[in-house]
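Structure record follows, encoded as structure tokens.
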Amino acid sequence: MREAAISIPTEVVAQPAVELEGITKRFPGVVANRDIRLMVRRGHVHAIVGENGAGKSTLMKILYGMQRPDEGVIKINGDPVAFRSPEGAITAGIGMVHQHFMLADNLTVLENVVLGSEPRKGGIAIDFRAARKKIKEISDAYGLGIEPDMLVEELGVGARQRVEILKVLFRGARILILDEPTAVLVPQEVEELFDNLRVLVGQGLTIIFISHKLDEVLSVADAITVIRRGETVAEVDPSAVTARQLAELMVGSELPSPETRDSTVTDVVALSVEGLTVRAPDGRAAVDQVAFTIHKGEVLGIAGVEGNGQAELVEAIMGMRPADGTIHLADADISSWSTLRRREGGIGYIPEDRHRHGLLLEAPLWENRILGHQTRRPNAKGPWIDRAGARGDTERIAREYDVRTPGIDVDAAALSGGNQQKLIVGREMSGDPVVLIASHPTRGVDVGAQAAIWDHLRAARADGLAVLLVSADLDELIGLSDTLKVILRGRIVADVDPSAVTPEQLGSAMTGAGEES
Amino acid sequence: ACGGDSTTATPAEGGSSAAAPTGAKVGLAYDIGGRGDQSFNDSAAAGLDKAKSELKLPDPRELTASPGETEAQKEERLRLLATSGYNPVVAVGFAYSGPVKKVAAEFPDVKFAIVDDAAATGPNISNLVFAEHEGSFLVGAAAALKSTKNNVGFVGGVQVPLIQKFEAGFAAGAKAVNKDITIQSKYLSQPPEFTGFNDPAKGKTVAEGMIDAGADVVYHAAGGSGSGVFEAAKAGKAQAIGVDADQALTADAAVKDVVMTSMLKKLDVAVYDFLKSFAAGTVKPGTTVYDLKVAGVDYSVTGGKVDDIKDKLEEYKQKIVSGEIKVPETTS
Amino acid sequence: MSPAAGGFLDRVSGRVKLTGWLSLAAPLLAILFAAVITAVVLLITGNAPFATFALMAEYGVQPRSLVLTLNFATTYYLAGLAVAIGFRMNLFNIGVDGQYRLAALLAAAVGGTVALPGPLLIVVVVLVGVLVGALWAGIVGLLKATRGVSEVISSIMLNAIATGVGAWLLTPALLAVPVAGSNNIGTRPIPESAHFPGFALIPGTTVKVFGFIVVAILMGIAYHVLLTRTVFGFDLRATGRSESAAVASGVNVKKMVLATMLISGAVAGMVGMPQLLGASYSYSLDFPAGLGFTGIAIALLGRNHPVGIAVGALLWSFLDNSSNILDLEGIPKEIVIIMQGTIVLSVIVAYELVHRYRMAAEQRRVSRELTGGTGGSGGAGGTATPEGAVSR
Amino acid sequence: MTATGLAARQPTGTAPAARGFKLTWPVVLLGVAGFLALLSLVRIVTGATDIASGGTVSAALSLAVPIGLAGLGGLWAERAGVVNIGLEGMMIFGTWFGAWGAIVTGNPWAGVVAGAVGGLLGGLLHAVATVTFGVDHIISGVAINILAMGVVQYLSKLVFAPMRGGGETQSPRIPGIDRISLPGIGEPLRQVESNGWFFVSDLAGVLRGLTQNVSLFTILAILLVPLSVFLLWRTAFGLRLRACGERPVAAESLGVNVYTYKYLAVVVSGALAGLGGAYLSIVAAGIYREGQTGGRGYIGLAAMIFGNWRPGGLAAGSTLFGYTDALQLRQGGTSVHALLLFVALILAAVAVYQLVKQQRVRAAVITAVSAAVVFTVFAVTDTVPEQFTSFTPHLTTLLVLALASQRLRPPAADGVRYRKGQAK
């Protein structure tokens, strides 16, 4: 699709859409950006890659006017600009899709989309009809399939991501910043997104694209900038590098080769689930008669498009949601156990949404170490919290799991998303779990950390850990799982052999293609 | 009254010629609301003002209680007055009972007076108490005599024993005239919520309710909420009875004309009497009851609205004074 | 942001971590600000600010005033603790007022009727108070846990209901005994043997400090230990910080709501005890009301920290006390209320300002270090040696 | 009042009632009619003639207005994400400044404006503290409540005490605001009402209460409800404001100046609470008295939560409170006693519904037992002690909340500290 980019009139190409020079941004204790330089040509898809916390999002927020640089110059279409707020950037034709959703759950899609640039009638009233029409038009034109009057909270992540893109298009942006737009999408959705991007680029738009999925980056980008620890380290041509080289540029050292996989599956049952049914508030079965068994040393992968009951399934197993059916942990029927008892019984839990379920953002790291393990050593002695024990063990986790932090007394909110995730993984692995329920364990985590997390999972599996892995990253699912099941509308619809399946095949099984026939 | 030797006051005589000793610095501690509450604190203030001008006293010191305070704070207030050289010290309101007793013991040379309480006794404590039920009896009788619908109302500020005394007297008086009369009665708030004395809006709603239910005379013992009662009476073409002071004089001009009579509780007289006896060096410790006999409580005749029933009221008054009628102090 | 930075005051100030002279700056700034505002108000109304402050200070350090300040503070402290427990779990117990009034009334009634040896009776009275407070607050907890009723509404409503029920109980037909000659009405007095002994702590006055101050201090320690050293306290704070994360970690939030309200109510049940067992020995019409609302202000002023609450309670009670001397000198004592409101606001604003100043300073420090060539940004968790690779 | 809000909530969906159940005009009217019929039945059985009289309805209206205005104030602030526990203080400012404005100008409407401005200043202080300085919202609110109390007491000493008819704790008489009636129907309605017919007389009572002798200020206050609905749910301004309460960073990321909207919301909130205060002093009492608000700011806050952060809901909440308060104030013992029968009947109906429609046997049994208990209390007593009637509105509110299904949905970022550029 690079032909599309080439078809742009040359005089426009000559002029860079975005130029950043000498951008520096300091946060307390951290320099997020240092003397960064970036040049994005008009009509290009320009990718930015870098480790977690490298400063990519910060740089983009600066470009979008959400944060002001301490030093440096921003030029849009050759003119220097100084945005005081996103308003200025929007006026200059910049739109941004943020790494974390910028949506109000309790407002409708329409309200979220028009917010800040509402079509009006009679001066102050919102012209809902005009807005609805325009949203429909954009949605149809790009095949986004968005229903303007739904509440955002009713949408799955994929749909939310499309709403975010619609927001930008609605404002008629000419320069699009997409900060990890694909983290939550399945391959088909990613492919659709890329098709859309190509159309946009074809219309002369410029796209800045951030992703940790280097293969995606290579497939879609016209140019790549690598950022390491707040500095620009390289400007590369996607046709001239491999994913591996790119990864090495990011982390600044040579990556070891991937280890080979051999099965550690035993025939001792660790977790078995039978006839599990979870009802949504409206009475519909969100999880419908699900049954499976995980043995010691086995990783059971659950593949499925987001919103097909994975979250409910996981929460039911953790005892956070009422469910029918039986769950056995080894020989014990734990169906009626409380969440705490299940955790004490040896179930570890890496939640899908680390901010909601995994961390106390305003508590220091060592208190976060205690969370979910508050009744066990080394965090507690009887009814008492063992502060020394918890602190010591937090130091250990930070070391062993490479949690990059100034210390264990900083609030969890101060860590980058990837480092937060490493802390959670470290914590859950430290509880000597028999079974680990891992939901998207590497979402938003950079390649280096991702590999580290996988290694930890593999090592624990070799020691007999049973893992239930839910992920949207099909490479991860295929690479880690010993057994794979596909979930669709709350039901297990297929068993797949991970050693024989391709991501594309898996993707089509997930969307139910061919199910009817 | 227990312990104290009970005496009966002599009614105040205007235009005293007694020469005032200079330097009698009066300290006065009000209950919540203080001077300007257009209710019983104001009555005490009136007595103080009168004493000040007639006895030529130096500037007195007046302190006011805060809502929700403890006894310790009241105690401290009295003590501050005593230590700062104020003598005599007058405490307004039964809440000062405990504090007066304590502080008076600490300052035997200072004379204390407490209004509305006979429980705090001591050699240097004068208790000024009122027979509110007797006065209320008379206005109750007036209400019954004036009611054409045989239906009268009582609005109390806060349901405490003191205000229930008003209610008891009022009911007895009304019943004495017409034993089948309907008496509606309602309090605006419950202790320790004392907002009932400060909520004219509630006073109005309650009185409206009574008037809609047939009452044509409404008596209030609700302090500042009374203005709402008057308004309701005005709008509902009913009559109202004021309390403490002669409210046909003090109420707002727009509603004055509905005040048929008022139950006078002559706090001003009591305070003035006490200060005068202090000046004369004749302070008597113990309880002084301001009742009908000494005109410590009474009904007002301003506006002439009760002129036609005055004879009957005087008759009742005589019977109470003579002891022929014993007015109950508590309801039921 | 270094882990060693800060100490005691940091923890007092909660979120804000301060170091060095800055730790003193916040409270100083606040007091200065409150003083300035008050001075302006005084000046506008023709009173001399400095003379006024001097008067308050002079009066405040007299032995008797000190005792009173301690005594009030004891009560305020308990009220502050009761509110703070709820706050730590994001529960706004606005109903401490009703809880302590009902508790004190019933405890006083029991104390006046039950015949027991003194010390035992004290224990029984306190226990009744604790129990009643807990049960009354428990209604709030139960409604929230089982029916999802907002604790703010239910506790506001239960305050009013407590007033009505209390007034009903405090009638001669039930718990009250009329006293001859008095217009007051109260419960039967608690026998002298069960009066909580006070201390002659401050020389120069015969007034005694409430013995209950010891209980209050113990409660403060218990509060601290419970919240920071026990699993229960951890669960409580975790729920306060993020309910969803607490649920995922195995906390039964409904149980926690109930337990927290019960504890908060139990402490609220003690609020009336210093006064009841140390001064009035009976619950009557003039029993102090509204302490629950003071407790909210004090808990907030003390940032829900046991020592902070103590400081807040002392400050509050000092100001309350000094209003008497102002009144005596003819200065409107309402100035004290204005001062209290201003202090609450300015303390909090000052902390915020100092916090921001510190952030800016930190930023400058980092940039200085970096231009000095020390290099290396956020990484401290050892050298980054990523293992594994892109799985393709 | 109720109906307007309820109708207007449709476009934004999710009524607090059960899923799939839509509140439409016919449903609302049918509900009101059923309610009235039941009341009428109770009136005839018990002889408590006041429970649907014109006087009661009129009193309910004027008791509901200050609470509703405070609640509306709370709604504006909280919809923009600022918790406003300082409503009480802003209301206190409203009572004082309302009285002062009306007295010094001799014009009650100037007082209304002054009261709003007084509350607005309180709101401004709250906005400065919470938005600019990022202070905890509850702390700031509590401080404002304390401050307001001190300031008005201080001001009264300075301003009202020297005035004729004023004192340290009260103002002189305030000039009143005109009251209007729908002409020509007052007397006929009164006639119908006095006949005591089933339903018809009660309807006449309600109509009379709503159309006769209504203060212009009351009408203004009622109009503020649909006006708020329009501004908050129909305009760009309102959308941005609500977005600040739901997800401020999302609003920020779209170029909305979150500070501006929060400021506006809190200032309007203060002005509305101030209006509530001004209503108390100018219309309800005709005089300023210290302590006049009597905690109505907190009740307003409760009404707002009761109404699930929606104008219609809070109007319903304050109407319920005002109605039960009117009942207990006017004919306490009798009316509240009759109310017991009403509650017993409602509970019985709910029990039947639970049993037949929902098949929740256990719940039905519990409800039925409660109904029986309430009925027994009704049957064996003939009045309710004064101390108990005093909290009728509070207990009713509590019971309604305990029985109604709770789907409260506060704005997602309500009470959350927000600072520009801090998005993660």
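Residue numbering begins at 1 within each chain, and the chains themselves are lettered A, B, C and D in the order written.
FYI, a residue touches a chain if its C-beta (ideal position, glycine included) is under 8 Å from a C-beta of that chain, and two chains touch if they have at least 3 such contacts.
A quick map from chain label to UniProt name: A = Simple sugar transport system ATP-binding protein; C, D = Simple sugar transport system permease protein.
Just so it is clear, the structure is predicted and the values come from calculations on it, not from any experiment.
Chemist: Using C-alpha centroids, which chain lies at the maximum separation from chain D?
Modeler: Centroid comparison gives A as the farthest chain from chain D.
Chemist: Distance between chain C and chain D based on Cα centroids, please, to the nearest Å.
Modeler: Result: the chain centres lie 30 Å from each other.
Chemist: With centres defined as the mean C-alpha position, give me the chain A-chain C separation in Å.
Modeler: 43
Chemist: Roughly how many whole angstrom separate the Cα centroids of chain B and chain C?
Modeler: The separation of the two C-alpha centroids amounts to 39 Å.
Chemist: Nearest whole angstrom, what separates the Cα centre of chain B from the Cα centre of chain D?
Modeler: 37
Chemist: Could you check chain D for residues that touch two or more other chains and list them?
Modeler: 295, 387, 390
Chemist: Show the residues in chain B shared as contacts by 2 or more other chains, in ascending order.
Modeler: 64, 67, 159, 189-190
Chemist: Please list each pair of chains that are touching.
Modeler: Taking the chains two at a time, the touching pairs are A-C, A-D, B-C, B-D, C-D.
Chemist: Flag every residue of chain A that touches chain C in the complex, lowest number first.
Modeler: So the residues of chain A touching chain C come out as 26-32, 34, 53, 70, 214-215, 229-230, 243-244, 247, 251-253, 255-259, 318, 320, 338-344, 349, 351, 356-363, 367, 370-375, 380, 383-385, 387, 398-399, 402-410, 414, 416, 419, 447-452, 454-455, 475-476, 479.
Chemist: Provide the residue numbers of chain B that touch chain D in the complex, in ascending order.
Modeler: 33-38, 42, 64, 67, 159, 186-190, 195, 198-202, 204-206, 208-210, 212-213, 224, 227-228, 231, 252-254
Chemist: Touching residues of chain D toward chain C in the complex: what are they?
Modeler: Listed in rising order, the residues are 125, 129, 133-136, 138-140, 142-151, 153-154, 157-158, 295, 298-299, 301-302, 305-306, 385, 387-388, 390-391, 394-395, 397-398, 401-402, 406, 408.
Chemist: Over in the complex, which chain C residues touch chain A? Could you list them?
Modeler: Listed in rising order, the residues of chain C that touch chain A are 1-3, 15, 228-235, 237-238, 241-242, 244-245, 247-252, 359, 362-363, 366-367, 370, 376-382, 384-392.
Chemist: Quick check: in the complex, which residue numbers of chain D touch chain A?
Modeler: Interface residues on the chain D side: 12-14, 19, 230, 234-237, 239-240, 242-243, 246-247, 249-257, 409, 411-412, 421, 423-424.
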